[in-house]
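Next come two complexes built around chain A: one with chain B, the other with chain C.
Right after this comes the complex of A and B.
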């Protein structure tokens, strides 16, 4: 379906304007650090696009901060960089003024809130493991483990270099369903709320009677209190009637999870 | 593709719209700004990097510079660097070359110094030569100057000689003309002679006849007269002298008082504004006249008291120097010869110019009254003598003398004697065209004077002698000279004393010489009178014999008198 294809591409093309500033604690007394502006793809992760930022701000940092791991915060909240950028944006800055102003830190790493993920290899392994988890949820026989090493690499480099076609050539296999079994086993998803850890449950795309489950059904399972909440996926305010199977196929992030951000009304 | 309207398509459509909106809001609006920013950032970064690199490079270069300076300063202490070593090697090579050049230069300098010394020596030598040359040139210049002077003198001499030559040529030409005319005459005469001889031969026979008869008669007559003479001679022997004296009607009256030669200069005065050429007492001795180079003839009357003579008149009209003056025997006229080729006659009473006798083509040197007061004879440098008639105011005769005439005298009624440039005295008879006689002396003759008894001539010549000439035999009888007697000019006049016993002439040195003519050849200087300072041109003896006049070239006239 060309519509779906268009949606996939548009989603992939989504970018967030980010305004990086160096924390006033980090600056040396020499001169005020210049801010750094960049459009960051929604699908990627911060560790993959912080090289330039890091290089830029290293100049202004004090001697003690040099060489230490970079971390970010928004409005006083440390950002978990193993979440995709789009998720963090939707979660914290959905209503904020653009561009998204992020403060860069080097010292005083909040050990109790963040995990060390600065290196690219660590990010890759985390990504791959998330991908495999999603695959395991979706299919009985995991497709990822049947893939060759180079396919894994192609997925990662596709994401790394922002290559839609390269990524989707492999990812398509993970999204495929057969005609006799047109649904995933479970829908891999995570529900995020501000200052709370995410919620993950086993939800099937169809119920026992064979009816297709919608987003509303999923939310009902996650939040049984029927409270009216605003649901944002990939920056889009999603209608509750959206079928889960379709949602999973088209609105998943590269790690094949649907990251759902929920805001209290 | 589901049509819009179906519930499935609705939410999909809504999603697509939302995604579009999301992208538009979140990325599309920021994309150009952020792209530009990224480019600028990268550009600035690269520039920064380049800058740092350049700074680094500069630093490095500075460092290297310093290092090189240090290594240069310490003279190759950083020998470890091969490039430096190489450079040092080349530098050392250069240094060696330069030192070699320096040595070469020193050597050349030495050579040059030697050359300089040699050149200096040569220069000095040359300068010495030059000085020598200059000295010689100066000497030669002096010689040249001397030679030029000599040339000038020689030229002057040549000019003089040419002038003389011209004069002689002219005379020669005149002589030639005279010769031609004479030849013509000679031919005529020869013819005449032929004729005469014929006649003479014819007459001869008759004459011989007659002669024989005559001789017969004469012999008889002589016999008779001899007898008578012898008788008379025995009677009275005294009357002979008186008879002889009376027989000469030409001789003027002898002076009354005897001649005394004065020895003092009574007066010396300036008579003219230029040289005084002629001076002459009047026949009576009351006046004297002077002729000067200032073109005037002046009449003077000597004061009896011995004061300065008074000027009685100035006779003008002459256009050049007056060369001679002459009174007529009656003392009514005065004649003057002038260098303006004319002779003039003034009357004494009213002192007016009566006659201007023009016709000569040279300056007139002498003019004399001739036989009576109405005739004048003049002698000129144009080699002619002219006889003038004052009544008709015309030249009545021209005598071609053949040479410039300096002076002349007349005697008798017809005879003229002229003194000439060609050292000759010529005797003329006014009735014939040719010279009757002539006498050659040893110098140009400047003056003539006739003795009172008309028997002797006094001729002054440029060989510094005065000759006394006996007219009768045309011979020099006495030569008067003196050691310091020099004839000063071509018109120096020598004169007789009134009694004919003395002769007087002025010398070049201003001395007036008086010779005694009776004492013989030697030691005959009677007196020398010295008052003039320059050449005496003319002198005159008072008719009474006791006063003398002399004049010189320096305007002065001296009156000598013992009274």
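Right after this comes the complex of A and C.
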């Protein structure tokens, strides 16, 4: 069992209150749609939790909109639904008033900004491929490939069902390090800034001299300009002294990446 | 300045090939280029980077790093003249006068052309001799003459009518050129050139000297075991000093090693393995005035000592590490030796700021003692430091043979050997503020994802008591929709074997048998009463996965958030020694009490007043730090334990073949235990469980034995001795092997003192000092003094009786008689108004008529047999370990039927299997 297990659980239980509103373009003028309030887990992805939202708004939408792919925007920015919910929140709504107001659209899908991921199958294969990428970064001999098919399934259903124990029963194998080799090969991470695509680099948890690398070292590799930036991971303003290995073991999203949101000060 | 400091050498380390490396910047090594092979090193000065060494020619040499300002020395000589009426002042001197050119004293003739640099390591800096125009701060004329009535006399710059002689000082500077290499020290004469040394120590850099300069105290040991000092090792002489001076030793003593701290402390080890302390060292007396002898530890002779700013550490000849207690300025010899863990070393050193380093015997790698502070001078644990060789010479495979850090100031934090934990406190604060910001006030909203039921299943082997065999079963754990109830059932194909709710489970434990096979044991109240937990086995991987998974379900069903440190009963599982603590202990039904199992392997445990200590098989102390309290360390905490097993090889001498294993029929077995009663073989020792690993192979014990480890005697059993005498007909040797277990567990190494037993005073309020008593494991001492979280005078009398556990035969209780049948008491425990005792043959006795007014009681009443351990608490409850109704594994028991006026009780109720219990933490 991992140390600091309470932190894992606390992170897993993190949810953000969301206020979904239907875009005015979509209403059929019959009656004003009721807003929809819901708690969305930070660890999940929007395509996995929009069933109820969909059902709620379907009756207000125009005929043409029915059956079209749902997409979301916040404050005019279309949301990339293949980012974890927590990442989108930290990136765009970290300082916003709660609940987080998100506009629901059915028509005019912004093809040049978003990719089609509304189906669960598409989301699952995207999730699994990200997870495998993280695994390959962390371990010379990948762990995912030694797992059985049902273990893969259990990771996904654990996320789908919001079951911490179901997910972590398998995920702990991906996070394990031995006492002989207490570090991952590379730290899987992505750095996000609003209106830019994410940055990903090869960063090791210890330097050649065996010194433990911290978040500050990672940021210096991504932003060599020493500018002061606000760094948020999993909704937490992270101390630059936090060691990368610990961060990776405890603050990764279910896809095993640390998703780091950076705000210019 | 800061960057310059961080680049200085912190410690010097010597390889078996005679190469010297400096440890800089955390953990990187830099080789000191040297043409000669070095056998010993002593780090003398950090800011100037000065290291003394002994070369393979057994001569002392010194390394001085190239300084920013060259090391200069002024060479002087005096020109003397006498006044005569005819010639005025001239070199025409009287026959009794000094030479025209001389040294200051005038005793030696120093013709100017012949004066040379002090040694080959110096070169002239100025081209010519110059007249010194400076005289005691006064400026003289360009001629620089000073006048006097006669030689030697008081010189004055003024020429008077009676100034019959004059002299002037000529100076020329030279510069030290042998920087960045080991330079040999100059020899004054042949007898000094013939000196050969085996050890060198340098220190004293924190002593303040009357002249305001920084001197280095240099001590050396010659091959003849004599001690020498070298005065005037300061910057002006480029740390070369002037000459060797012998220091008298106590009558008949020879020294084999010497150590010098950064301030007053100087210790030496004698050829016989005793220690010597130099006394009388002060700023006015750099080299002290006498010696006092210090006994070695009870069962070890010393090999090496090392002196820190306020501590002394020593190494036994067997590699054991010892700490000298109570070293003070007023008491430089300290008061006693304390054994430090089971770690074996080959060399020790203490840095200028008290950090302790060692070379491990097993791997000859560098270790650092973590947690050494003024409050806890023993430190916590040895940590291996991985060193990076920047010079890339690939010498990493060299074994390290010596280390010296005497002058090094090492900041363990900046070296990142033990990082600060402040970031983690910040993360936890931030995380809880995330919760209040994002979730508070919104908790009534619907969830976007409802938690749905799911099932986990696997095929495992399940023990069937009826069939007395393992059966393949399908084990399923299913969680219901929206939580918190899970069911566990074992199904044999279609038929349901056992079905239970997770909420019924009372304990989930990992059990390991001596053959190393792992089982998962699940208890419910029903199964506990039947003394047959549900046992599941399978591959190691499967069992561990399921153990984690079921524990997760069980803990989350109980909604365990954090574990309060008080009001718990602690038990240790049989065989594994894994600790469990009670959760929701029921007053009336012990079997339905729930247990939370933690990681760790222990022999005994004691918990009271919010403190929980456990002892390993090697008598090491471990302190429970609490689980998941957020402040647990970044590095996985590792709990270790070691055990040593032994057997004896016995042989008898016969005239034909000498010693052989053909023994007389009446003799003991060829391979036996100590007493010779039990036949043993090396293979008869197995690891107690799969978590244990052999740490060594079988090795003979050479302690007080001949070169092959044999000890001789006239006959079995006899007094054995290490040398064969003519009358010796038998011999035996002891073989031993150590095993080790390591597990990630929430325990911190406690004080380094080894304890056989502990007792913690119950019922102490939070924030107050908790008296804690221990029985030292050293063979020499019986009961150790109080050792608690801080020092305080505790209510001695009550707790001595209350708490002293461990080795006590009947004699110890001189105030109270033995039970009538003469049984020897081995163990007592005291509640608020009861006293219970346990005899050596596992019989439980109750002390009758015990009261506060009459604490002796009147007599012992035999209560029950087959009890192996007892623990009473303030509620006067008695918890015990019974060999069990089934004679299989020991089981937890609680005394029942106690009444206010009859504390003896009438029966027992039994709980889960356990080998050790502490119930003293339960509150009234």
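Note that the second predicted complex is superposed on the first by the 262 of 265 C-alpha atoms of A that agree within 3 Å, B and C clash if a C-alpha of one lies under 4 Å from a C-alpha of the other, contacts with A are read in each partner's own complex, and residues count from 1 in each chain.
Operating definition for what follows: contacts are C-beta pairs under 8 Å (C-beta built on N, C-alpha and C of every residue); 3 or more make two chains touch, one makes a residue touch a chain.
The shown structure was predicted, so the numbers you read here are calculated from the model rather than taken from an experiment.
K.L.:
For the combined arrangement obtained by superposing on chain A, do chain B and chain C clash, or do they fit?
P.N.:
Chain B/chain C on chain A - steric clash.
K.L.:
Under the stated touch criterion, which partner chain does A:113 make contact with: chain B (first), chain C (second), both, or neither?
P.N.:
Neither partner.
K.L.:
Between chain B and chain C, which makes contact with more of the residues in chain A?
P.N.:
It is C that touches the greater number of chain A residues.
K.L.:
Taking the superposition as given, does A:169 touch the first partner, chain B, the second, chain C, both, or neither?
P.N.:
Touch status of A:169: second partner only.
K.L.:
One more residue to check, A:25. First (chain B), second (chain C), both or neither?
P.N.:
After superposing on A, A:25 lies clear of both chain B and chain C.
K.L.:
Scan A:75 for contacts with chain B and chain C and give back first, second, both or neither.
P.N.:
neither
K.L.:
Applying the document's definition of touch, where does A:17 land relative to chain B and chain C: first, second, both, or neither?
P.N.:
After superposition on chain A, A:17 lies in contact with both partners, chain B and chain C.
K.L.:
Name the contact category of A:7: first (chain B only), second (chain C only), both, or neither.
P.N.:
So A:7 meets both chain B and chain C here.
K.L.:
I'd like to know which partner A:242 touches here: chain B for first, chain C for second, both or neither.
P.N.:
Once the two structures are laid over each other on A, A:242 reaches both partners.
K.L.:
Given the touch rule stated above, what does A:99 touch, chain B (first), chain C (second), both, or neither?
P.N.:
Touch status of A:99: both partners.
K.L.:
In the overlay, one of 315-323, 441-449, 837-845 or 909-917 from chain C clashes with chain B and the rest don't. Which one?
P.N.:
With chain A aligned, chain C clashes with chain B through residues 441-449.
K.L.:
If I apply the document's touch criterion, which positions on chain A are contacted by chain B in one structure and by chain C in the other?
P.N.:
Comparing the two interfaces on chain A, one with chain B and one with chain C, the shared residues are 1, 3, 6-7, 10-11, 14-17, 37-39, 98-99, 234-239, 241-242.
K.L.:
Chain A touches which residues of chain B in the complex?
P.N.:
Touch list, chain B to chain A: 1, 7, 11-12, 14-16, 18-20, 22-23, 25-27, 29-31, 33-34, 37-38, 41.
K.L.:
Mind pulling up the chain C residues that touch chain A in the complex?
P.N.:
25-28, 386, 388, 416, 419-420, 422-424, 426-428, 430-431, 434-435, 437-439, 442-443, 445-452, 454, 456, 479, 545, 548-549, 551-553, 556, 561-562, 599, 628, 630, 632-638, 742, 744, 746
K.L.:
So in the complex, which bits of chain A are touching chain C?
P.N.:
1, 3-7, 10-11, 14-18, 37-41, 44, 48-50, 52-53, 98-99, 154, 157-158, 160-163, 165-166, 168-169, 172, 179, 182, 208-212, 214, 234-239, 241-243, 246
K.L.:
Within their complex, state which residues of chain A touch chain B.
P.N.:
1-3, 6-7, 10-11, 13-17, 36-39, 56, 89, 98-99, 234-239, 241-242
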